[in-house]
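What follows are several structures.
Shared chain: chain A. Partners: chain B in the first complex, chain C in the second.
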Partner chain A sequence: MATQSSRFAARLMVAPSVTVLFIWMIIPLAMAIYYSFRLYRLISPDRTGWVGFRNYSWFVNSPEFWLAISNTLLLVGGVLIITIVLGTLIALLIDQPVWGQGPLRILVISPFFVMPPVAASIWENLFMHPQNGMLASLALGLGMKPILFMENYPMASVIFIVSWEWLPFATLILLTALQSLSSEQLEAAEMDGASAFSRFRYIILPHMTRAITVVILIQTIFLLGIFGEIFTTTQGGPGSASTTLPYMIFKQAIAAKDIGRAAAGGIIAVILANIVAYFLMRGIGRNLDA
Partner chain B sequence: MGKIELTKVRKSFGDVHVIPSIDLTINDGEFVVFVGPSGCGKSTLLRLIAGLEDTTSGTIEIDGKDATALPPAKRGLAMVFQSYALYPHMTVRKNIAFPLKMAGMDQAEQDKRVERAAKVLNLASYLDRRPGQLSGGQRQRVAIGRAIVREPAAFLFDEPLSNLDAALRVGMRQEISELHQSLKTTMIYVTHDQVEAMTMADKIVVLHAGRIEQVGAPLELYNNPRNKFVAGFIGSPKMNFIEGAEAAKHKAHTIGVRPEHITVGDGPWEGVVGLSEHLGSDSFLKVAVEGIGTLTVRAPGEVGAHHGDRIRLAPAGKIHRFDESGNAL
Partner chain C sequence: MARAVSPRRKFLTTLAAWSVALIIFFPVLWMILTSFKTEVSAVASPPQLFTADWTLENYAEVWARSDYPRFFWNSVVISVGSTLLGLVIAIPSAWAMAFVPGKRTKDLLMWMLSTKMMPAVAVMIPLYLIFLWTGLIDTKIGLVIALMLMNLPIIIWMLYTYFKEIPGEILEAARMDGASLWNEILYVLTPMAIPGIASTMLLNIILAWNEAFWTIVLTTTKAAPLSAFIASFSAPQGLFYAKLSAASAMAIMPILILGWFSQKQLVRGLTFGAVK
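Moving on to the complex of A and B:
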């Protein structure tokens, strides 16, 4: 790829896909921006017109808005912490040579194969349900009152369910990182007098930083848009206790049938995602450099 | 300070007996080289001494204390690995200081020792770089630096020079020898390269299939190999082995003549030169001798024999005699 003509040919070859990707991205974004400044309600489609920033100001001044933002960040942060801490521990555990290692690893990653609404329904109805749930009968068996997970701890419950789904992903990425660590480095550290904890702290963890960064970035992208788990379990409630930004947009678009406000919410979500991405890349992006 | 004694040490991996049984004494301050072809168990033996592998049976004593069950860190030994095993995310300074930090030494003493080691190893200007920014030889020095700051009872080297190019290898070989002269600490050095063994060792241990074939000073092994394996392994180019009628004349099953102990000119053997390598100082000739086979001859550089020439050869020097099972007579 050195000569001028081969470089030109390379650009020519990638040009179609870049063009398609660009159109794919820009049309929905442009339409969202367009509708966010329009009055567009599905209930009264004949009333149209420009409304300036009114959709945005309604969205920002809505009593749910700041709660939704903090719930979104809480969800992302909570799931990240749980999956990375537990993922590291599980990866360390299943990296040990044990009998039945292959099936064990498949078991560990299997939650990832369950569809999000299905996983959420299973957890809500079979485990956390105050009458039918396993946890309820466990609590009753121990002489305690069943915990009303979805009513009293809606965000914690959602964070738990989402963590359960994403833990295998984190574990898998962290396990591969762990396996690429040369055993001589660990042996050298052992000879140097490092205890098991010191070996983890000074050798294994620094080796894993890049993988952890990848997990954080990828999971953040997906977690910012979590919707199905909330829809199937709490429906954003009780009240709006577990409403996140995507769920608030959904309520505007589908329940209130106000496309203009939903579009404004969508643009705010895009801005929020960019702010999060900016801080992430500034904070941990340098870990990705070789 | 660094006497190591192995008694009936055995090591098996499942059904594979890597080391059937070894007895060996390494005296304080000695430079001992374990040499042998790949797969002979030399690295395993070193790892047993280091404590990175458990012995199947037998005892390892370090300074008169039983160390068989001690973890590696408690044995007071330092090891230099073939891949150097530097910590890639730490600077050279932190790499070298790591064992001191793990020992809980205070910062001032750590700095002092790191500076001293860096000076000895010419690393002073690289202390703030990372291993990835260093050349192979420099990485090797960092690995040695990490070993010497601990002031261990003995150093263990596991083929430390095999990743370096030829010129650097000679240089590092001398540096390690000089280091041994100045530190006077016991060193155990594993290699498959008999030149390294001959040039560096006080005592060579020749290993073959997990067994010790012979232990001795380099020249002793060269002059009086105990069997055919040692005779063939020590010395470069390899010793010529002759069987049949020629050997029977010396009342042996096999006789061995080193290439440097054959002269070109007049002599009882006549043959045709096959391959000839002229190095300037020496010429290595492969000569097909009738009734004997192909002999390697190390002739002086001025001998201008080439492919197809007929020359006469004479043995001049020691002829080694071996019986049917390969033991020296």
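Moving on to the complex of A and C:
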């Protein structure tokens, strides 16, 4: 149906978004590459010059580096697993005939509307605070010692908070997929004596593959850059226990005021994101084909 | 999957579903309740779900201490502005990709999404400098542009999955009747796509409203939205929970209410092509 002229028109219509996105990506990236090979510290702006790969080698050899990489992957992986598993269970639950499905959905979707700094500060202060938090009171009430979430389990706490923020997104997409499943198929399987588990394993789960793919893709994009939640709660600490790659870069840029090293870290983060994207596409990209 | 079930079973699933939903919602509820308490009862141990001394003082104090209307207005302009600008650029692109797909359309879509994978922190300094040089720093138009570009891939993808569901035959019929490309978009496609565009718009207003990195890095005072407003109420050691909660409630309430009212449209749009 596509004629020569409509192809040309189509190119013309795609051009603006491709152009602006390309500029938006390439100029900051080019600048970051430039700075990453330069000596550029805000505390001594007069000393400049080319330093080769020294910024990179500082970054990679820093004792924080591998911890930051593994924390980043832990955060992405942890949140993905929690939101998809819980999201599937919750979707299965609220897809059942229940009273008040409308209000129910409103409650479940609510965390999605809470901006990250607010979500982080609610959890940190109102719940996880070792003296005044609700969880501390709960622990005391049960005769236990309050857990020092941010001190002893910083990564787990951050993963928990971010999972709470993203659970509604996963749940809703999985729920939509679930609702598009025809009930005849399930009823037929039920009559044939298939157990609830095998109905889930062989009918429901294959049907949701595409939805799970979408959840993984979209969430990974947002999770790789998680910053605000860590900034509000643990500040990457204690020590560097909850420092992720974005947070490590931030510390170089803002605390150490070393733009060169921060830029080198930025380029490393871009490379990491590309590696993740590559495996993501290889692994699940085919699920997205129409 | 609506099936006939026994009332007993329906009662039990209702109970389970509501319990789960209330647990998920509880932090928000607790924050709202705390915002109406006095500072003393906000940190009372054991925690009180309801207190006798309800007060609006926290809101009054937060209101007096900061220029809430300005932050609010900035948030509105930035989130709505960036979404509308994004739609103007995205609609033609998504249309073209959905109806005149080429060999590389899928790759192009994935490339667009991949531009979002670059962590914001990685390009923080370059973008800050660009905004400084171009005079866009701390301006609403600067943030509109930044957030538009940030969300553009998501907007295009959502619209693309929507447009793909519109049967091509209708467009062909319109073309047979001699409709020009532009008329085709304006009179045939757009009316059919309105629900999709509406939910795309909603989702992106929410994403832009809640964006809390660029809005803080690229603003100081003039253009600072509510995310910057809340960042200025940083966590004080347990002494100002009620005020912190009031400020938090003021920051999220507008979008929470919008979200609640438009929940149906939003959910319908939140598929990203997850359902064929």
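Criterion: the second predicted complex is superposed on the first by the 287 of 290 C-alpha atoms of A that agree within 3 Å, B and C clash if a C-alpha of one lies under 4 Å from a C-alpha of the other, contacts with A are read in each partner's own complex, and residues count from 1 in each chain.
As a convention for this text, a residue touches a chain if its C-beta (ideal position, glycine included) is under 8 Å from a C-beta of that chain, and two chains touch if they have at least 3 such contacts.
Just so you know, these numbers come straight off a predicted model, no measurement behind them.
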Q | Which superposed partner A:L167 touches (first chain B, second chain C, both, neither) | A | second
Q: Please work out whether A:I203 is in contact with chain B alone, chain C alone, both, or neither, and reply first, second, both or neither.
A: first
Q) Is it chain B or chain C that touches the larger share of residues in chain A? A) C
Q. Is A:P63 touching the first partner chain B, the second partner chain C, both, or neither of them?
A. neither
(Q) Applying the document's definition of touch, where does A:E187 land relative to chain B and chain C: first, second, both, or neither? (A) both
Q: Could you say whether A:M13 touches chain B, chain C, both of them, or neither, answering first, second, both or neither?
A: second
Q: Once the structures are superposed on A, label A:L107 by its partner contacts, choosing first (chain B), second (chain C), both or neither.
A: second
Q. Residues on chain A in contact with chain B in one complex and with chain C in the other?
A. 187
Q.
With touch defined as at the start, can you tell me which chain A residues reach chain B in the complex?
A. 182, 184-185, 187-195, 198, 202-203, 206-207, 209
Q) What residues on chain A touch chain C, complex-wise? A) 1-2, 6-7, 9-11, 13-14, 16-18, 20-21, 24-25, 27-29, 31-32, 35, 90, 93-100, 102, 104-119, 121-127, 129, 131-132, 134, 137, 140-141, 164, 167-169, 172-173, 176-181, 183, 186-187, 210-211, 213-215, 217-218, 220-221, 224-225, 227-228, 232, 245-247, 249-250, 253, 259, 262-263, 265-267, 269-270, 273-274, 276-277, 281, 285, 288-290
Q: Going by the contact rule at the top, pick out the chain C residues touching chain A in the complex.
A: 1-3, 5, 10, 13-14, 16-18, 20-22, 24-25, 27-28, 30-31, 34, 43, 45-47, 89-90, 92-93, 95-97, 99-100, 102, 106, 108, 110, 112-127, 129-130, 149, 152-154, 156, 164, 168, 172, 181, 206, 209-213, 226-227, 230-231, 234-235, 238, 241, 244-245, 248, 251-252, 255-256, 259-260, 263, 266-267, 270-276
**Q.** Touching residues on chain B, where the partner in the complex is chain A
**A.** 50, 52, 71-73, 77-79, 81-83, 85-90, 98-99, 102-103, 146, 150
